[in-house]
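For clarity, chains are labelled A, B, C, D and E in written order, and residue numbers in each chain start from 1.
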Amino acid sequence: MNAIILSAAFGVVMMLCSFLIKNKSNFRHIASVALLILLIGNIADTYGYTFFAIDTHGMLQFNRFGLLFNSIAIGSTLLYVLLTGKEIENAGMHVAEYFTLILFVLCGVTLLSAYNNLLTLFLGIEIMSIPLYILTGSDKRNMKSNEAALKYFLMGSFSTGLMLMGIALTYGGTGTFSLEVVRNAPNMYKGLVSFLEILGLLFLLVSMAFKVSAAPFHFWTPDVYDGAPSVFTSFMATIVKAAGFIAFIKLCAVRMAETESVVDWKMIYAIIIVATLLVGNITAVFQQSVKRMLAYSSIAQAGFMLFTLISLNDMAYEGILLYSAAYSLATIGIFAVLVKMKDYTFDGYNGLAKTQPVLAATNTVFLLSLSGIPLTAGFFAKYYMLAAVVKTGNYTWLVITGVLFAAVSVYYYFRVIQAMYFKEGNAETTTIVPSFKYGLIALAAIIILLGIFPTLLLRWLYF
Amino acid sequence: MPIQYYIILAACLFCIGVAGVLTRRNAIIVFMCIELMLNAVNLMLVAFSKMHYAAAFATDNASTAGTDAQLFVFFIMVVAAAEVSVGLAIIVMMYRNIHSVDINFLNRLKN
Amino acid sequence: MILLTLDWAFIIEKLILIAIVVSASLVIAMYATYAERKVAAVMQDRRGPNRAGPFGLLQPLADGMKLFFKEEIIPNSSNKFLFIMGPALAMLTAMMTSAVVPWGNKLEIFGTTVSLQIADINIGILYVFGVVSLGVYGIMIGGWASNNKFSLLAALRGASQVISYELAMGLSLIALLMMTGSLSLKTIVEEQMKGGWGGILGWNIWYQPLGFLIFFVCAMAECNRAPFDLPEAESELNMGYHQEYSSMKLGFYLFSEYINMFISCAIITTLFFGGYDMPFIDESSMSVNMAALIGIVAFMAKIFFFIFVFMWIRWTLPRFRYDQLMNLGWKGLIPLALANMLITGAVILARQGF
Amino acid sequence: MIALFLILLPLIGGLATFFAKSNSGAKNISLFVSLLTLLLVIAGISGIFGSSLNFYDSAWITPLGARFTIGLDGMSKMLCLLTAISFPVVFGVVYNNKYPQPASFFGLMLLLQTGLMGVFMATDCLLFYFFWELALIPAYFLCSIWGGDKRIKVTFKFFIYTFIGSLLMLVGILYIYFKTPDHSFALTSFYKIKLSAAEENFAFLLFFIAFAIKMPVFPFHTWQPDTYEQAPTPVTMILSGVMVKMGLFAVLRWLVPVFPAASTHFSHIIILLSVIGMVYASLIAIRQDDLKRLIAYSSIAHIGLMCAAIFSAQQIGIEGVMIQMFNHGINVIGLWIVAEVIETQLGTRKLSELGGLASKAPALAIILVVMALANIALPLTNAFVGEFMMFNGLFRYNVWMAAVAGISIILAAVYTLNMIQKIFYGETTVVTDGAIDLAMGTKIILVVLVVLVLALGIYPQPILQLTSDTVAAVFSKFHS
Amino acid sequence: MTLLNMFLDTAAANSAANYLPIGIQIFFAIGFVATMLVLSNFMGPKRKTSDKLETFASGIETHGDARQPMAIKYFLVAILFVLFDVEVIFFYPYAVNFKELGWAGFGEIVLFVAFFLAGFVYIIKKGALNWED
C-alpha cells in the first residue's frame, strides 16, 4: 500500500514542482529523492510497517512476491534515473512532467503487483500505459516519435478494449471480478457460463500478450521501442514490461488455472512462447541498429519470462523476480550507454573499448547478463526459468527449444561486444562524466553480485 | 427485454469496433472504433450486472450482486476519458507535423 | 415482445402530455422573443413592437411566418448533410430537456391519475445534463458545416464556453444533491415542500445560495445569453455560428435558444425555488386537480420571473471579453463550486454528529 | 583450503594483472602467480599440509541445493598439475613477445586458469557449470582480440558451439537435479540417482553433446582447427593442452558414472564416431601445409582415441586415458611452443615455405623431434604407455575398432615425419635463411618438457598411482 | 460497495418502461423538426445565384477553406473538459449516498478533491487557460 500511495503522491508533488521550481536540473534530484523514499517505504511495507491502512475490499492483496517486485521496480527506476537522469532532462521541454509520468507509471506498476481483482488489474494496466503513450511521443518534432506514440497508443487502447471485453465476458460467466472464483455458487446460466468465461479468458490472454508483446501480438513493439526517445525506451522495455509479466502471471496462475480442465492453457502458452522466441530471436539477428536489436531482443526475453506460465511453481515465481531484476538492470545499463552513443548502429560501437574502456567493459557485463552467461544475474534468471519448467517434469522439449534460442540470442548480443572490442573504429560518444562511469560500474557490480549470489535478492521473499 | 438482446447488441458493437480498428486507415476513425469497443463493453457489463442481480434477487432480496459491474463501468469511463485526451493530443501532434491522420502515411515515411 | 404488452392508454396519455408540454414551451419561447423586445424597450425607454396586433402581440407569429417563407440557402462549400443536421440537433435537444421536469403534481381525469411529469426517472438531473451537453453538437456542427471562418471561430468559442460552464454547473449541483440525496427532480421538489413558513423555508435557495448563484450564471452561459453571448457577438463575428443560416434553420437556432432559456428557468425553479410549490397554501386540503392547477400557476409564475431576470441582465450588463469569460468559468466558478460542496458536506455531517 | 586458494590465487592475480601499468609488470605478476599456483598444486598433491586441506566446502545458494564444494581427488590432482605446469610454461615462452594491451592479455589468461582449475575441482554440478562457462569467456576474448585475421568469425563459431553445448548440458543438469533424491547438485547425489532407461539416455545425450563439442569428437570438431589456427599461440597451447581435457574430464566425472547404463548403451556409436574421427583427422592432417592446423588435426585424432578408450569400458583403457591426458597436454604444448618459436622467428608456419632448419637451429630440431616422436607414441616416450593401454582397452572391447583406430597411428607417423622432414631437412629457403637457434629461456622450458616426456615414458607409475582411485571409481560404476 | 446499492434498489423497481415516455418524446421531437424543415423547404422561394451560394465574409471575397488548424487553446479546453467532467461524474454517486457514507466517505472525497485541485492548479499554472497572449 505504501508504494501505491506514495508514488501517486510524489507524482502529484513532482507535477506541482514543475512550476514551483525554476531550475531544470533540480527535478532530477527531487525525483531521485522521491524514488528513494518510495523504495524505503516499500521495504518498510515488506517488514510490515504499512503507513496507510485502507480497506480495499480484497481488491488488492499484498504479499511478499508483489512487494519484492515493487522493490525491484522502484530500485531499478532509481538506478535508471540516477544513470540517465541527464538524458531525461534533454529529452524535451517538460522535464518535471517526465519524472511525474515515470512516478505515475510506477503507481500503475505497484497496483499491478498487488491486484486481486480484474478492476485493479485494468486500472493498473491503464495507469501504467497512459503515461507511457505520452513519454513515447515526448519528442514532439520527431516523426518517428510521433509514429511510435500513435502506434503505441492505438495498439495499447485496442488491447485495452480486448481486455475489457474479456473482463466483461468472464464477469458474465462468473458473476465476479475477483481473481478467485467461488465455483459452487448457484448459477442460472450454467450452460452459457463456462463458454462465456472461456471466451473472456481468451480475450484476456490475447490482450495481455499484446501488453507484454508476446508473438503473434508483438508487431507494434519494434517500431514503438525504436521510435520512442531512447531514454524512455529503456524504461518501457524494462520495468514496465516486467510489471506486465507479473500481472500476466498472476492472472494465469489463478483465473486460467481454474479452468485448466476445460482448456489446455499450457499448450497455448507453449505455442506463444515458441512463437515469441522464434520471432524475437530470429528478427533480432538481422537488425543493423542496436536500438532495434534491443527491441527485438526484448521480445525474445519476453519469451523466456513466459516460461513462468508453464511452470507456475515457487521456483518460477522466484525466477520471474530474478529475471525482472536481471533483465531490467542490464537493459537499463545498455540503454544508458546507448543514449551516449552518437551512432546507434552496430558499427557505431566499433572500437568503443579503446575510446571508453569503462563503458565497454560494463556494457559487456550487461550484454553477457542478457545472454545468460554465468557469473552474471542473467544466468540465474534463465536458470530459474528453465529449472522451474524442468521441475514440472513436462515440456522438456520447450526447455530445449528455449536454450537453443538462448544460443541464438548470443549471436546478436555478442555482435555488440565484437564491435566494441575486436573491431577497429572510433566510436563517438557524447561527453561522459565520471559519475556516470561510477554508476555503470555500480550497476555492473550489482549484476555480477546477483550472478553469484541470487539469494541476496530472493531472500527477501522469505524471512 | 431479455438480457440476451443487450449482450448480442454489445457483441455486435464490439465486433464493429474491432473490424473498424483493423480495416480503417484514418487515425481518428480507428480511435473512434476503439471507443466504440469500450462502450460496447460498458453496455455488456451493465447487462451482465442486471443479469446477475436478477439471478441473485430470486433467492435473496437484499442481494448486492451486480453492483461491482456498474462500478467498473465508471472506471472504464474515466480511463476512456484519459485515453481520449492523450490519444487526441497524439493525433493532433501528428497532424501538425505531417498534415495527415492517415496511419499508412507513417509507414510510407519509413521507406 | 415487450411493446405489445404495453398499456396503450399510458402511451396516449403520455403523448398528449408531451404534445402539451412541447407546444407550451414553443409558445412560451415565441412569446419570450416578444417579451424580450418589450423588456428591452422598457429599459431603453422605447415602445417595442406594437404594430402587429394589439400591443404588438402578434409580432412573434409574424416573425415565425417570415422565417418560414424565406429562401433557404445552403452554401456551396458547406457540408450539406451536417449543415441541415446542426439546427435540427439544436432544436431536438432543446425539445428533449422538458421530459423530466415536473410541471405539477398530478391530475385526476376520468378517474385516472395523470402525473404532470413526462418521465419520472431516477436520474433526472443526469438526464438534463446529458441532453444539454448534446446541445454543443448543434453549435459545433452548424459552425463547422458552414465552412465559414467566422462561423467556425464562433462555433469553437461557443463550444468552449458551453463545455467550460458545464463543469461548474455540474459541480454546483453536487452540494444540493448531498442535501436531497436523490437525482430525481420530483423527489427534489417534494423535499422542498416540507419546509416551514408556508413551505418557503424548505426551498433550497436558503441552504444553497452560492450553489444557486453559480448555477444561475452557468445556466445563462449555457444558453449563450448576454453577457455570455460571445458565440454570436455581432461586432466581432458578424452573427456567430449561424451566420450562413437562413429560413427555418436559422429559426431553429434562435428558437432553441429561447426554449433553452425557458427550460433553464424551469430547472432553476425546480431545484432551488420549490418547483410547483405554492407558498402559504396547503395543497393537501384541496382537491387534487385544484392543487395541480395552483402548482402549475405557481411554477409558471416563478419561471416567468426568472425569464424576466434573464432579460433584465441581458439589457443591463455589457458583454464579457473572451478571456474574462473563460477565467470566470474556470478560475472562479469551479473552485467556488468545489468549496461550496465541501463546506456543505462538512456542515451536514457536523449536524448529523460525528 | 589449498583447493580454494588454487581458484582464488589466479582469480585475484588475474584481476590484479588487469590493473598492471606496464608490459613487464603484467608478465611478472602473471608468471609469479602461476608459479605460486604450481607450488600450491604440488603441495596439495604431496599432501605435506595434510590432505584435508584439499577439500573446501561452503554454503552457496542454499535454496537451490548448490554448495561451493571443491576438492582434489586423483584425476583432479593430475589435471590441476597439468594446468599449473602449463601456465608458467606458456608465460615463460611468451615472456619476450610483445602483445598489445598486455595487462588484459595476461589478466584474461589467469582468469582462464581460474576457470580451468574450477572445472577440474568442482564436485558440485552447478559450480562445475559455472567454471565451465567461466573458462570459456576469457578464451573467447583472448582469441578474438589477439588472434589472426579471421579471428572474430572463427572464435565466435567456437563460442557458439560450446555455448550451445553447455546450455544443453544445463538442461541436463536441471533434469538430473530434480531427479536427485535430496534435490542437490552434489556429485554424490548425482551418483545416486535412479533413472529409467529412456530418461537416462535422454539426459546422457544432453550432457554428451556438450562434452563432445568440447573434446571435440567427430562430427562436433569443426570449430577446432580454425580456432587453433586463428587463436594466438599461447592461447592455443592452453586450449589444446588443457582445455580439451575439460571434455574428457567431464565425461569421466560427470557422464559415465552418472549414466553408466546409457554410457554402455551408446558406447558403440560413440566409439565408432571417435574412430572415424581419428582416421579422418589423421588423413586431413597429412594434407595440411599449415603447421598449426596439422597439430590441431593430430590433436583431434588423439582425443578421439581417448574418448574411444573411455567408452570401451576397460580398466586398462581408462588408466591409459588418465596417463594420456597428462602426457598429451605436455606433448602438445611442446609442439605448440616449437610452432610458436618458428612462427615468431620466421613469420610463417607454412610447411612449404620452411626447410633446412636443422642446420640453422639444431637444438630446436632435436627438441621438435623428441616431441614429434612422443606425438606418434614411440616407445620410451610418455605417450607410448598411454596409447598402448588405450589400444589395449579398445582391443578388448572390439578387435575391428582397434584395428581401424590403429590405422591412425600409422597415419600419424606419416604426417609427423613428413612435418619433421619438411621443416628441418632439405634446402634452406628464403624464409629460413636467417633462422637462429632457441633462446636460452625457451630452451630451458623445452628441456624441462623433454625431460618430463622421457621420464614419464619410462616411469609412468606416479600418474597411475595418483589417479588409481578415480579409475577404480569410474570402472566400478561402469559395471555396477 | 454501498455506493451503488442505491442505484440498484431503485433500478429494481425502475424498469426500462420508465424511459418509454422519453422515447416517445424523441420521436415526437424528431417528427416536429423534420416536418418543419421539410415544410420550410417547400415554402420558401428558390432563386439561387452563385453569389448567394458563397460563404459570407462581410462582403469581401472568401479566401480558401475555413477548416484550417485553429488555435490549440480550444482543443485544450475540450480535452480539459473531458477530463474534469469525468471527475465530476464521480461526485454524483457520492453525493447521493453521502449521508450513509459519513465522515469516512467525506475524508475520501476530500482526498479526491485534493487530487482534482492538484490537476486544476497544475493546468492553471501551466497556462493552459491563459487567453491573453
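Going forward, a residue touches a chain if its C-beta (ideal position, glycine included) is under 8 Å from a C-beta of that chain, and two chains touch if they have at least 3 such contacts.
Note that the structure is a prediction, hence the values are computed from the model and not measured.
Touch-path distance (fewest steps) from chain C to chain E is 1.
Any chain that touches chain C and also touches chain D would be listed here, but there is none.
Taking the mean of all protein C-alpha atoms as the reference point, the chain centroid lying nearest to it belongs to A. Chains C-E form the pair joined by the most contacting C-beta pairs. With respect to chain E, maximal separation of chain centres occurs for D (centres as means of Cα atoms). Ranked by distance of CA centroids from chain B, the top chain is D. Separation between the centroids of chain A and chain C, computed from CA atoms only, is 53 Å. Averaged C-alpha coordinates give centres for chain A and chain D that are 43 Å from one another.
Mean C-alpha positions place chain A and chain B at a centre distance of 26 Å.
Per-chain CA centroids place chain D at a distance of 81 Å from chain E. In chain A, no position touches at least two other chains.
The set of chain E residues touching two or more other chains comprises 1, 11, 16, 85, 89. Residue positions 1, 68, 71, 82, 89 of chain B are each in touch with at least two other chains.
Remark: the chains found to touch one another pair up as A-B, A-D, A-E, B-E, C-E. By the touch rule above, chain E contacts chain B in their complex via residues 1, 3-5, 7-8, 11-12, 16, 69, 72, 75, 79-80, 82-83, 85-87, 89-90, 93.
By the touch criterion stated above, chain D contacts chain A in their complex at residues 60-63, 129-130, 133-134, 137, 141, 144-145, 151-152, 156, 159-160, 163-164, 167-168, 170-171, 174-175, 177-178, 202, 206. Of all residues in chain E, those touching chain A in their complex are 1, 115, 118-119, 121-122, 125-126. Taken in their complex, chain B has these residues touching chain A: 7, 10, 14, 17-18, 21, 27, 30-31, 34, 37-38, 40-41, 44-45, 48, 51-52, 55, 58-59, 65, 68-69, 71-72, 75-76, 79, 82-83, 86-87, 89-91, 93-94, 97-98, 103, 106, 109-110.
Chain A meets chain E in the complex at residues 12, 15-16, 18-19, 57.
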